[in-house]
Every structure is written in structure tokens, then in C-alpha cells.
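Next come two complexes, and both contain subunit A; in the first it sits with subunit B, in the second with subunit C.
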Partner chain A sequence: MAAIVIDRVRKSYGALTVLKDFSLDIADGEFVVLVGPSGCGKSTMLKILAGLEAASAGTIRIGGRDVTDLAPGDRDIAMVFQNYALYPHLTVASNMGFGLKMRGTPADEIARRVGEAARILDVEHLLERRPRQLSGGQRQRVALGRAIVREPQAFLMDEPLSNLDAKLRVHMRAEIGALHQRLGVTTIYVTHDQIEAMTMANRIVIIKDGEIQQIADPETMFERPANQFVAGFIGSPGMNFLTARAEQGVAQLFGTSVPVPPGADGAITVGLRPEHIEAGDGPVTFVARPNLVESLGSEKYIYFAAPEDNRPPGFLTRSEEDRRGDRLIARLINSGPIRIGEPVTLSFDPARLHVFDPASGRAIR
Partner chain B sequence: MAGGRFSLDLARPSRQHWLGYVLLTPAVLLIAAIIVYPLFVSIDLSFQNVGIARLDQPRRPFTLANYERLFSSPDFWNACWVTLKLILVVTSACCVLGLATALLVNNRFRGRSVARLLVAMPWAVPEVIAVVIFAWIFDSSFGLMNWVFLSLGFIDRTINWFSDPDAAFAVVATTMIWKGYPFVSIMSLAGLQSIPEDYYSAARVDGANALQRLRFITLPSLMPVIGVTTVLVMLWIFRDFSIIYVLTGGGPLKATQTLSIMTYEQAFSFFRMGYASAVGVVTLVICVVAAKLTMRRAPDTL
Partner chain C sequence: MKQSLPARLVLYASVILTCAILVFPIYWLVITALSQPDQLRQLPPKFWPDEPRWGVFAKILAERPIFLWLGNSALAALGAVSISMVVSVLAGYSLSRFRVRGGESLGLFILTAKMLPATLLVIPLFGIFRMTGLIGSMWSIILAHATLIIPFTTWMLKGYFDTIPRELEQAAMVDGCSPLGALFRVILPVSAPGLAATALYGFVLSWSDYAYARTFLTNVQDNWTANLGITTMKGEYISNWSDISAASILVALPILAVYLFLERYLVGGLTAGSDK
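Our next item is the complex of A and B:
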């Protein structure tokens, strides 16, 4: 177990820069999730951490040791791959013991550690099978087992759940979380799924175009996003964005004056989460005509058009088709029956609003 | 007359298997005519005392004489031994060389496509042309090989490649290896490209060095490909005729006389077609057994 320091790591392929001065301090035993849209550089960062790719600049320290120029095998880390990378010609036990065997560990020691890992992951009955005889979830467990028998300084996980079906993914998510609690090994986990990030991480690192957008615990990430990208990335369904003009600390929203932070002046982008809109009267009340209602049983998603003066950012630059489909979403719990086209009274608390600078996207507080 | 009462709509689901048979028929007829029929004719001939086989003559009486003579003939056992030696030497050399070149051109480097082309080239050269080139390379008076060996000081007088039994065998083996390894190369390269990159990444993280990655990942992953390829190379050596015939004609002192050369010689030089058929039939049986054994050794891993 060890702390990991990533110091101004840069990676470019010719003229293309995929990571720009990436710096991150990870505490011993922490579970850090790197999350971002595909192509943002998160997997590249993980490969650089593992030593599978070389950084163009910067240093990496694991447990105080500079590993920047060390081979992957000398970094004392274990990695779990998206496709598990289990060797088809070896049994589960040999797969799990492979790393130890490569390091010349005595056979009885390997057997003992593989047995222990198999017990932790509940795959003892599978040890003599081949990977192709296992289900997706079992393969996933074996891949985790291969990582834990090594007793490494850190686990690196590259989208380990993306090949599982939705139900199993939820299950394995909890299992990986429990495993981390139990072993307390520093874990760096890469995913494009913000729900995985929110549910598993001690800290989330949101990356876009090779740059860190925000580093925070899940709660802060949700409550106080640093910019519009983070605000839109975290949360499902995504945050609603509206345009407004701020003058002397006040902006007009849905025909009502709402207070905005003092730093906001002129054109602003206002963010409002679907779950912060409620049915019935409240501090700011308005009437909407739903153009689509999705009922999920316990909750309803109401889609409706934004008022003329508060069209979402970029509204006019979109195609005719896009503009017609332009919708705000409210997520209502325990509302009465709601029908398409019939007026419904909705409200929100202006304290819940997020205000962003439309040019830079930065949050204004 | 689509849909008519007597139209034969082969696309109908209930008749789809008919279409299959119809499409198969030309190939089946062709194979029957040029492989299956001659095979039965030669099996039949091997049990008759026939000089020059003619289809318009009545069958000769059944006899086991050809086989009796065969198994008591030192020439036959010599041919078996030469064939076995050739198979062991050429197959193993082709596998090592083919795998090595495949690993080489599987790396990323400048001019990789050219290198791949060069590796595959001997395969594209027509067999007879290759043999003529090698016959000149190993020519006793003007050959390149004698000159190279002399220049390097390996020998102090020229080797007469085609009159010394061991040297002749070496020449035949060398030519076959040169002609045969690209096939292993091409097959292995295809196999190498189907090994997921993640296996190597995982092994590197697990601390496996290059040699261990070859031993524990590359070779086991290639085993199914190598197994099939080995059988094909083996069968090619069994049946290859032109290389040996053009280079040495089976000599000197029958040092390069394989079963296929012996078959040809008995049939078309001595006109003992019944006897030659017996050699051919025995060769076929050996081929089948050898192929079966080799295929069983290759574990099915994927």
C-alpha cells in the first residue's frame, strides 16, 4: 500500500497532446476514480501509471519511489483490464498465480496465496477450470483475484465493469467497493460511467481533453461543480442549462426575479438539476406544458420547453430539428397524474441554482 | 414461371438443402474424377501384378505379392528412413525459422511491409525455378556455396554436393526449408495478430520478461495454428516431388530417395505400376497416421 504522486505528466503523440500537465496526489488507501468522456486521456493516464506507456514529461512516484523510468513489472502494481486479459490456455489457478510465478515465488507459497484470494472472491470451486468455462462475472472475479494475490502497492482498474450486463455491473460495483474496504489498497479506477464514479470513489477526478476539470469527493462534485462541463457530466438525467441576463445581483428566470451571485453580470448560464424542480408551489413557481412524460414507477421525468427569454445556451445555433426537440427535464417524485400538453405547476428553490460564465464555463459563486 | 406449379424454387426454406447439394455437385464430381477414382484404381492396382496399367485390359488375379516384396525390400525401408529424416529436419527448421521471422515482422518498424513481402517471397517463387536456382548455388564447379565456404575458410577444396550422400541430403533439405518456411511464417503472423494486446500488457504488469512472454503467452496462444501448420508442412514434404527429382533425382546411392520419388521411379522408370501403387498406398496410410498423431498433440486451447 502506498501513496501515489503524479507530477505534471504530459503525453503527446507527435503534434497531438492527449494529457496536459496532469498532477494528482493520491493518499495511501484511497479509491480514486478517473472519469471523463471517451478519448479524454483517462486510460492513457492509467497506462502511464502502469508503465505500459511512457510519459512525454513529468514524474510518477509510488510509495515515495520514483517509478517514472521503471518497467511495469518493477512498479509493484496490479492491473485489471476491461477484457480481463485472462490467458485462455491456463487454468484459473494458474492465471491467478501467474504474476507470482514470474517473480519466482515458491509453488507452495503461490498455492497458499491463490487459495486465500480465491476464498475472498468466492471462486474456490473454479480454480481448475479454464477462463472460457466461466461466466462474465466469474471472469471478472478471477481478474480481480489475479490482482490481489500479488499484494501490490496499488490496483489500477481500466473500465473493469463495462463488459458486464447492467445487473451484474451493479453487483460487482458493490463487491469491488467491499474489497477495497477490506484490503485498503490504494486503487485508481478508470471509467466513463459517472454513476460508477459517484458510487465507488473517495475522490473523483473529472477529465476532459487531457485536462483535469475538477478533483473532489462525490458530494462536492455534485453540489459544487467547478464548471459547466462537470455540472453537466455528473448527475442523471443531466443538469438543465438556461440563459439569462444578470443585473445588480438579479436575473429573470421563468418570468421571476431570482438572486444570483454578485460576481455574475451580463449574460450568464444558469444550471438547474432535474431533481431540484418540484411539483406544486415553491419559492419560484411557473407553469409548464409537458411535451413528453416518462414514468419510471417511483418517479416521473417531465420534458418541457424553456421560456422564450431563457432558451438554453446555443439554442439559435442548432438546427430546426434540434430546436424543436429542445427540452428541459424535471424529475418528480410523488406527483399526481401528469398528462402531455396539460399545464402543470412546477417550482424550484433559487438557492439550488448554479451560475456559470457562458464564455469560460467557470462557476460563479 | 415463378410460383408456377412445376417451377423449382430452390430459395424456399423447405428446399434450401437442395440448393446446397446442387451447388456442391460440380466440386464433388471434380474431386471424384481426379482424386477418389484414381485413388481406388491405385488401391486396386496394388493388389495386381501389373507392369503398365491400362484401363481397357481385364483385371489381373488378386495377389499380395507387391506388399510382400515391398516390406522385405531394403529400398523401401531406406525410402522410409530418408522421408522420416527429411520430415524431422525440414519441419523443425521450418517451424523455428517461420516463427522467428513471423515474430520479427510482427514488430513495428520502418519498412515492415517490405520485410513481410521478403519473408513471404520464397513461397511465391515457382518450385522448379527455386530448385534450378539452388542447383546452381550448389553447383560443384561454379556454385556460390563452394565459393562462400572457401572464402570463409570452412573448407580447403570444393565439395561435390551431388555425389556425396550426406551433402546431397543437406542440399535437398536446405532447398525445402527455404521453400517451406514462409508458409509457417504467414500462418504464424496471422496467429500472432489475433493474440489480444491485453495479454501482453497484463504479463508485463505481472513482471514477465520478453522470453517469459514468448514462452507463456505467445507460444501457447499459437499452438492451434502451429499444430495445423506442422501437419500441412509434413504432408507437403511427403508428397513433394519436384525439388528432389530436379536436384538429385533421388541419388546419390538413394540418399535422397523418399517414398514419393520411389513411387515415381517404380511406376515410370521401371514400369512396375502394381508395385508403385503399393508404395503409394503405404505412403498414404503413413500420412494419415502421422497427421492424426500430430493433430492430437496440438491441444485445443481457444
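Our next item is the complex of A and C:
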């Protein structure tokens, strides 16, 4: 177990820079999730941490030791890959013990540690099988087992759940969380799935175009996003964005004057989470005509047009259809029957609004 | 998807026709070997000899140094394949995994070398071997065959390595292997089917050579390979095609044996289960 310090790491491929001065301090035993859209540089950062890619600049320290120029095997880290990367010609036991064998660990010690890891992960009955004889979930457990037998200073996990089906993913998510609680090993976990990030992390690092957008615990990330990108990335369905003009601490939204932070002046982007819109009257009430209703049993997603005056030029994180700029989403619980085209009274609390500078995207508070 | 009856009939007919075209020369070789020499050109042809000459194989083995020729062919093929595999494993792996300046041009250069007819290299190789005193020695044929085999095997292995997930050697490196250690401990064991197919291909290339053997080994009878030896059975005016066919069958048998030995490695699917 060890603290990890990433200090101004940069990675360029010729003229293309995929990581820009990436700095992050990770405490001993912390579970940090790097999250961002495809191509944002999160997996590259993990590979640089592992030593599988060389940084163009910057330093990495693991447990106080500068490992920037060390080979992967000398960094005392273990990695779980997206496609598991089990050695197909070896049995499960040999797969799990491979790293120890490479380090010259005595055979009886390897057997003891493999047995212990297999017991923790409930794969004892699979030890003599080969990877091709295992299911996806079992392969995932073996890949985790291969990492934990090494008793490394840190675990690096590169989207380890993305190949599992939805049900198994939820199950393994909980298992990895429990494993982290039990072993307390510093873990850096890469995913593009914000739900994994929110449910597993002590701290989340959101990355876009090779730059850190925000580092925070899940709750802060959700409640106080640093910018419009983070606000749109975290939360499902994504945050609604509207445009408005702020003058003297007030903006017109849905035909109602709502208070905005004093720093907001002129054109602003206003964010409102779908779950913060409620059915019925409230501090700011408006009538919407749903053009789509999705019923999920316990909740409904209501899609409706934004008022003409508040239509944004485009969304950052929605589907192409939503980017047309006239659709807002409300997530309603126990709302009663709602039909397409029929008026429905909705409301929100202006204290729940997020305000962003439309030029820089930065949050205004 | 279930196919209709006419579609299946056409499919089976195509398969049978293709097999017939492929098998017929071998069948004809066998009946030529078993026929009396004076029955070979009779019309209409006989599709099975009246009195098969089963003793022809023993006769050939007694009259000609077939085992010596086969031994020389095997030595040339094993030597050339061994050298080729060492070179092409490293070259193919490098081309598959590492992006270096000029790497693509180098790969294309190897590909171009593959396209050159082997006979084009006979004269320069002859010159080189004469200068180095290798003419007539087994080394000449081993090295010449290696030049023939390496471009093919390098590209075959590059293609095979391309199909192996990079994460396998990355996992091995995180587990403590050096890049070369990852190649030998993980990638090569996983590549067994590809290595076997490539080695077999190289073996067949070497085994079927005649031009190089004829050019480099003619003057040293003890080093004749099987193909070179068989051609000496052809007389200037009269050729005993039955004997030549029988010898050809004996020469083809080792290739069949090598194929049967390597067959279990040729079956793919060893990498199954390494990833999702």
C-alpha cells in the first residue's frame, strides 16, 4: 500500500498531446476513479502509471519512490485489464502465481498465496482449469486474483467491468468495492461509466481532452460541478441546459424571475438536473407538454420542449436528437399518469439551479 | 441458416469436384508407380493396373540411396526452418509490435523480397557460395532455403502476432517479465498453432526445392537432396516413369508424416479464453 503522486505528467505523440500537465495526489489506501469520454486520455494515464507507456514529461512517485523510468515489473503495482489478459496456455493457478514466479518466490509460498486469493475470490474449484473453460465473470475474478496474490502497493484497473453483462457488472462492482475495503490497497480505476465512478470512488477525477476537469468526492462532483462539462457528464439522465440573461442577480426562466449568483451577468447557461424537476406546484412552476414519456416502473422520464427564450444553442453531452436544443428531461417519481401532448404542471426550486459562463463553461457561484 | 436442396447439391458437387481435381494427380502417381512400364501409355488408359507392382518400392530402396537423399532433404529443411524461425519470430514480432522509423518500408521490403522468383537469386547466391567455399556443402542449401523461407514466414508470423492481444505481454511485463521474456514465456507458447503452421510451410518450401539443389549440390553426390536424386533417375533416351513415380511417393511420405505430427498444433483456438 502506498501513496501515489503524479506530477505534471504530459504525453504527446508527435504534435498530438493526449495528456496535458496531469497532476494528482492519491492517498494511501484511496480508491480513485479516472473517468471521461472515450479518447480523453484516462487509459493512457493508467498505462503511464503502470510503465507500459513512457511519459513525455513529468514524474510519478509510488510510495515515495520515483518510478518514472522504472520497468513495469519493478514498480510493484498490479494491473487488471479490460479484456482480462489471462495467459491462455496456463491454468488458473499458474496464471495467478505467474507474477510471484517471475519474482523468484518459493513454490510453497506461491501455492499458499494463490490458495488464499482463490478463497477470497471464490475460485478455488477453478484452479486447475484454463481460461477458455471459464465464464466471463470467472475470468474477471481470476484477473483480480492475479492482481491480489502479488500484494502490490497499488492496483490499476482499466475498465475491468466493461465486458460483463449488466447484472454481473453490478455484482462485480460491489465485489471490487468489498475487496478494496478488505485489502485497503490504493486503487486507481479507469472507466467511462459514470455510475461505476459514482458508486465505487473515494474521489473521482473527470478528464476531458487530456486535462483534469475536476477532482472531488462523488457527492461534491454531483452537487457542485466545476464546469458545464462535469455537470453534463455526471448524472443520468444528464443535466438540462438552458440559456438566459442575468441582470442584477435575476434571470428569466420559464417566464419567471429566478435569482442567480451575483457573479452572473449577461448571457448565462443554466443547468437543472432532471431529478430536480417535480410534478405539481413549487417555487418556480411551469406547464409542459411532453413529447415523449418513458415509464421505468418506479419513475418516468418526461421529455418536453424548452421555452423559446431559454433554448440553448446545443447540448454538450446529450444524444444527437437532444442536441437539437428543444428538449428537456424531467425525472419524476410517483407522478401519476402522464400522457404525450397533454399539459402537465412541473416545478423546481431555483436553489437547485447551476449557473455557468457560456464562454468558458466554468460554474458561477 | 438452412440451405435449400439445390443449393446444397451445388455445394456438395463443388466440393467433390475440387477434391477430385486435387486428388487425381496423386492417384495417377500411385497407379503410374504400380503399373508395368509398358502399360503406361496404352489407350484407353487403365484406371487400376492388372498386376500392381507392389515390389517397386523395395526395388527403388535397394537400387537408389533414397534414405541418404531423404536424410539430406530433411537436414536441409530442418536447418533452413530452424534458422528461418529464429529470424522470423523476432522480425515478425518486431513488425507486429514496434513502430520504428522506416519500419513500414522495411516490412514492405520483406514483402517485395517474397515476390521475387527464387530463380532470380540463384546466380548471386552461387557467386556468394563460391566465394565463401560453401558450394556443394549442406550449408549452401540450408542458407539458400532460409533466404527463400524467411520473407514468407516473417509475414505469416507478423499476421499471427497481430491477432494476439497486446495486453497479454503487457500483463506479463507488469508481472515482472522483460519484453523478450514476455515474448518467450507468453507470446510464443500462445502462438504454437501459428508457429507450427509457419514451420510446416517453411519445411514444404525447402523440401520441394529443386533449382537451388541442382545449382549448388550437383557435383557432390553425397549431399543430393531427394528431388535432385529423383531427377537423376530420368535417362537421356528412356525414362522409367514407374520407378520415378514410386520414388516420388517415397519422397512425399515424410511431408505427410510432418503434417500429421504438427496437425494438433495447427488447430487454432489456443488463445480462446485469454480475453473477453
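Worth a mention:
As a convention for this text, the second predicted complex is superposed on the first by the 351 of 365 C-alpha atoms of A that agree within 3 Å, B and C clash if a C-alpha of one lies under 4 Å from a C-alpha of the other, contacts with A are read in each partner's own complex, and residues count from 1 in each chain.
Operating definition for what follows: contacts are C-beta pairs under 8 Å (C-beta built on N, C-alpha and C of every residue); 3 or more make two chains touch, one makes a residue touch a chain.
In this text the structure is predicted, and so the values were computed from the model without any measurement.
Once both complexes are superposed on subunit A, the partners subunit B and subunit C clash.
In the superposition on chain A, A:I77 contacts both subunit B and subunit C. In the superposition on chain A, A:G99 contacts both subunit B and subunit C. Comparing subunit B with subunit C, more residues of subunit A are touched by C. When both complexes are overlaid on chain A, the residue A:A107 reaches neither subunit B nor subunit C.
After overlaying the two complexes on the shared chain, residue contacts for A:I340 are found with neither subunit B nor subunit C. Residue contacts after overlaying the shared chain place A:N163 against subunit C, while subunit B stays out of touching range. Looking at the shared chain after the overlay, A:L134 reaches subunit C, while subunit B stays out of its contact range. Overlap of the subunit B and subunit C interfaces on subunit A comprises residues 47, 50-52, 71-73, 77-79, 81-83, 85, 87-89, 98-99, 102-103, 132, 146, 150. Listed in rising order, the residues of subunit B touching subunit A in the complex are 196, 198-199, 201-209, 212, 216-217, 220-221, 223, 299, 301-302. Of all the residues in subunit A, the ones that touch subunit B in their complex are 47, 50-52, 71-74, 77-79, 81-83, 85, 87-90, 98-99, 102-103, 132, 146, 150. Looking at the complex, you find that subunit A touches subunit C at residues 47, 50-52, 71-73, 77-79, 81-89, 98-99, 102-103, 130-134, 136, 139, 146, 150, 163. Looking at the complex, you find that subunit C touches subunit A at residues 165, 167-168, 170-178, 181, 186, 189-190, 192, 269-276.
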